[in-house]
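The two complexes that follow have chain A in common; it is paired with chain B in the first and with chain C in the second.
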Partner chain A sequence: MVSKTEESQLQQLENQVENGGGGAWEYLSLVRKLKLRRSDKVLKHGLALLNDPKKRSALGPDEWNLYEQVATAALDCQCLEVAKDCIKVLQKKFPGSKRVGRLEAMLLEAKGSWDEAEKAYSSLLEDNALDQVISMRRVAMAKARGDILGAIDWLNKYLEIFMADHDAWRELAEIYVSLQMYKQAAFCYEELILSQPMIPLHHLAYADVLYTIGGLENLQTAKKYYASTIELTGGKNTRALYGICLCTSAIAQLTKGKNNEDKEISTLAAAALEKDYKQSSPDKVSLLASTLKTMKLQ
Partner chain B sequence: MAEDLVLDTAIRDWVLIPLSVVMVLIGVLRYFVSKLMRTTQLPDSKIIKEGQVIIRARNLRAAANFIPSKAFRARKLYYTNEENGLLHVPKGQGQNPQAQMLSDPNMAMDMMKKNLSMIIPQTLTFAWVNFFFSGFVAAKIPFPLTQRFRSMLQNGIDLSTVDVSYVSSRSWYFLNLFGLRGLFSLILGEENATDDTQRMMQMSGFGFDPSKSLGAEKDGLDIVQHDWVLPKFEQRAGDVLRKRLSS
Partner chain C sequence: MSNGGDCSYVIGQNAYIKLALHALNHKTSAVNGLLLGRLSGEVVEITESVPLFHSSQIGLLPPLEIALITIEEYYSSQGLSIVGYFHANERFDDPELGTVARNIGDHIFRYFSQAAVLLLDNRKLGALQNKKDSAPIMQLYTRDSSKSWKQVESSSRLTTKEPSANIVLLDFISSDKQNDIVDFDDHLDDISKDWLNLGLFK
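Now for the complex of A and B:
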């Protein structure tokens, strides 16, 4: 998690570096420390540092970290030549290193030679089965090749050990949603809500999944999670407002009006939607009105 | 003692300063030796997994009220059931650290290396100080102290008449031993290996037993009462919306 102060510090450094004010190394260190993905900027400024022998030698042993960082960024930007050069330098300095081996495997992956990369990754994993980065790369690679089921397999294997990694759970949830395996996705979103109960996006996604599965019980639950999203976002999330309306109308359809479900919140949500639309896009108010009418909320 | 003891300047030149210098040099040497001997220990997958299970179970306990009760019950069963629950430790299988140490020679080796790099130089320097400088009054601190400090500052001199602000050579050795950490962190960087107190903490934390915390977590989960908070959220969401609409 990136804290507020770190974020502002990063922003400030980024502006400074972008406008040629120096501090490139500090910026790169911060990016590395916070594990952010700013590949284009890292590549640009890191390469400038590396190409300047005086600045490079001033870094001392951190020079090699910079090489690694730039190599990874270059792979991300498909600047394979740059990456190759960096990796070559690292290879010379650290022959037989596994960390460099990882970079080489990533280079193979970036080139698109999947089978070779796969082989390289597996041999690296044989040495150290607990390497999180490599396990994640394998998932990413399976996904890139279109082998979604393989990606699920690898992810599940990864989560069996690192089961507190919520980013992996989110990835798995998104994959399941893309495959329309909603029950599994719901489980993953539950797991995400457990690990970060105050993040409204998880509540929203969970509600979406439940609504899609359907059924009275799920719809009622989904409605509650849309409500919690509204509470957590201060009522500013349009999707959640729509979700409440949709859930209410779907529940009314299922129960044919027999169930005297509390409709107050959906009328409130509809009113909030109307207010938002009037404020930000008045020309679409009529569209909203007709949509709400079909949901019998107006 | 009315009149002050006069310390020979030769004591300063040949006892006080060499002692400090030697202590610093040994500290630096020890840092490099332990750096050479340090082996990167691959973490055991079982231990990592147990740690992760504990984190996940703790999350479940803390945020249980945010998921529907059906989901909670399923998870609780998954963690705590008596046959193959994640948190269930079969009796007698909880490895105790001593047995683990015996079965894993690497671990004992590691301990020994750590101890060797710490104890050997210490005994040697202590013997050296004792042999050459025993009984020296090596320094005087420029302020008076109460009698209680006698055992700290005048270790090795059994004279009750000497003023407490005089420091014996052996005490000077101890002061250096424990007081040079700040200097080492300046010379060797923040995370230097000569940090004795930290190492002692590690030693005492060695008996950490993951199966115990698994059991504790299981007990914690067993007594959690599930009370879904989402219905309350619905009402609160209504309030939020009302507020937004009226503003």
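Now for the complex of A and C:
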């Protein structure tokens, strides 16, 4: 997960590099560190670096990391020839390396040679059963082939071993949401909140899922988690503010207004939204007002 | 007319291009959008579109509900209403209209019985450079009497208003215009970003 400062740092570097202002290596390193998927830009600028012998030798031992990064990006962009070339260079430098073996298997994946890729991954896992990246490739392959249930299966097996991998839990939750298996998604977010209670994104996602499942109890719980998101973000989360308003409106509808619901929090949320819009999106203030009005009348 | 069984759909160039660019801006995930317009005789004129979401949480209700209320409010003052839904699948070789898309389509159908669901045809998009076809790169689905979304095979029922729409789209793609598209997700993350994309076609 990327913090706001990292996000803006990345954006800055990306703009700089895209406009010919240099800083390609810093950009590529940041993308690598944050494990982001920016394959077309990585391919473009990484390849430019690699094709320049002076710049390449200036990288020192990081040169090989760059080959790996560019190869992966090339696979994502279906530039298989570029990927093959990078892999060849790495094979020559590190013969018999498992890390390069992984890239070779990914090349098979990119080509669509699923069975061969599966064999390659299985044999790599034989020697090192606890390789997280390779285990994850199995999930990715299943997903790419459209075998979503298979992906869920592999991901669950993966989480039995690597249960602290939060990104994997999120991935599983997101797959469940895409299949409208909201209760299962809720379970994943509960796990995440238990292990990382201070991360507002988990609270927000959990609230969204509960609201989607519906029902009075879930709506009331969702409202609590939107509230905790607001607390954890110092009131700066637009989605959570809207969420409070939605919950209040939905609960009122369900109970036909007959409950003693805490309306104060939704008044506060609405006011916070109005303040934010006045400041950052003034031409939408009156639209916001009519949106909020519609929700109260619903 | 009680269902979408007979009408045809004409999508304006700007609305069409916005949706395609949105999909291209987020190649690694599913995206969706709303179609705005009006019914004119036996033709549904799709004059505007709003790109909605690109996160993998497309199946969640809260952001969708906010978007529906907000967008309906905004466009009703222009005499336009929500007339359909656009969806692009996550995977290139997935040509199916999934349940999330169908459910959202159903919701829109409740308010507009000639509602259309447009699904991005990835193969057509990929072939755009070579084929120079003027047909839209989307598949049309309407709800038939069996209450399910069926693909409309006849290509004459979905057309772009301007025949040169694909050429203009290719032009936009070559100048990386998709990077300028703002969707509702972007707006929720930063409300200073405008989902109206007013500056896009200037």
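Before moving on, here are some points about what is shown:
Going forward, the second predicted complex is superposed on the first by the 194 of 298 C-alpha atoms of A that agree within 3 Å, B and C clash if a C-alpha of one lies under 4 Å from a C-alpha of the other, contacts with A are read in each partner's own complex, and residues count from 1 in each chain.
Note that a residue touches a chain if its C-beta (ideal position, glycine included) is under 8 Å from a C-beta of that chain, and two chains touch if they have at least 3 such contacts.
All of these numbers come straight from a predicted model, not from anything done at the bench.
If you put the two complexes together on chain A, you find that chain B and chain C both fit without a clash. In the superposed pair of complexes, A:R239 makes contact with chain C only, with no contact to chain B.
Look at A:S281: by the touch rule set out above, it reaches chain C but stays clear of chain B.
Contacts of A:E174 after superposition: chain C is touched, whereas chain B is not reached. Touch criterion met: A:A271 reaches chain B, while chain C stays clear of it. By the touch criterion stated above, A:A24 is placed in contact with neither chain B nor chain C. With both structures placed on the common chain, the touch criterion links A:T221 to chain B but leaves chain C unconnected. In the superposed model, A:L13 lies in contact with neither chain B nor chain C.
After overlaying the two complexes on the shared chain, residue contacts for A:A164 are found with chain B alone; chain C is out of touch.
Once you line the two complexes up on chain A, you'll see the smallest CA to CA distance from chain B to chain C is 17 Å. Every residue of chain A that touches chain C in the complex is listed here, in rising order: 37, 144, 146, 174, 177-180, 205, 207-209, 211-212, 238-239, 242-243, 246, 276-277, 280-281, 283-284, 287-288, 290-291, 294-295.
Chain contact summary for the complex, chain A toward chain B: residues 128-130, 160-165, 187, 190-191, 193-195, 197, 221, 223-225, 227-228, 230-231, 234-235, 262, 264-265, 268-269, 271-272, 275. Of all the residues in chain B, the ones that touch chain A in their complex are 42-43, 45, 48-49, 52-53, 55-56, 59-60, 62-64, 66-68, 71, 75, 230-231, 233-234, 236-238, 240-245.
Chain contact summary for the complex, chain C toward chain A: residues 28, 30, 56-63, 65-66, 69-70, 73-74, 90-91, 93-94, 98-100, 103, 188-192, 194.
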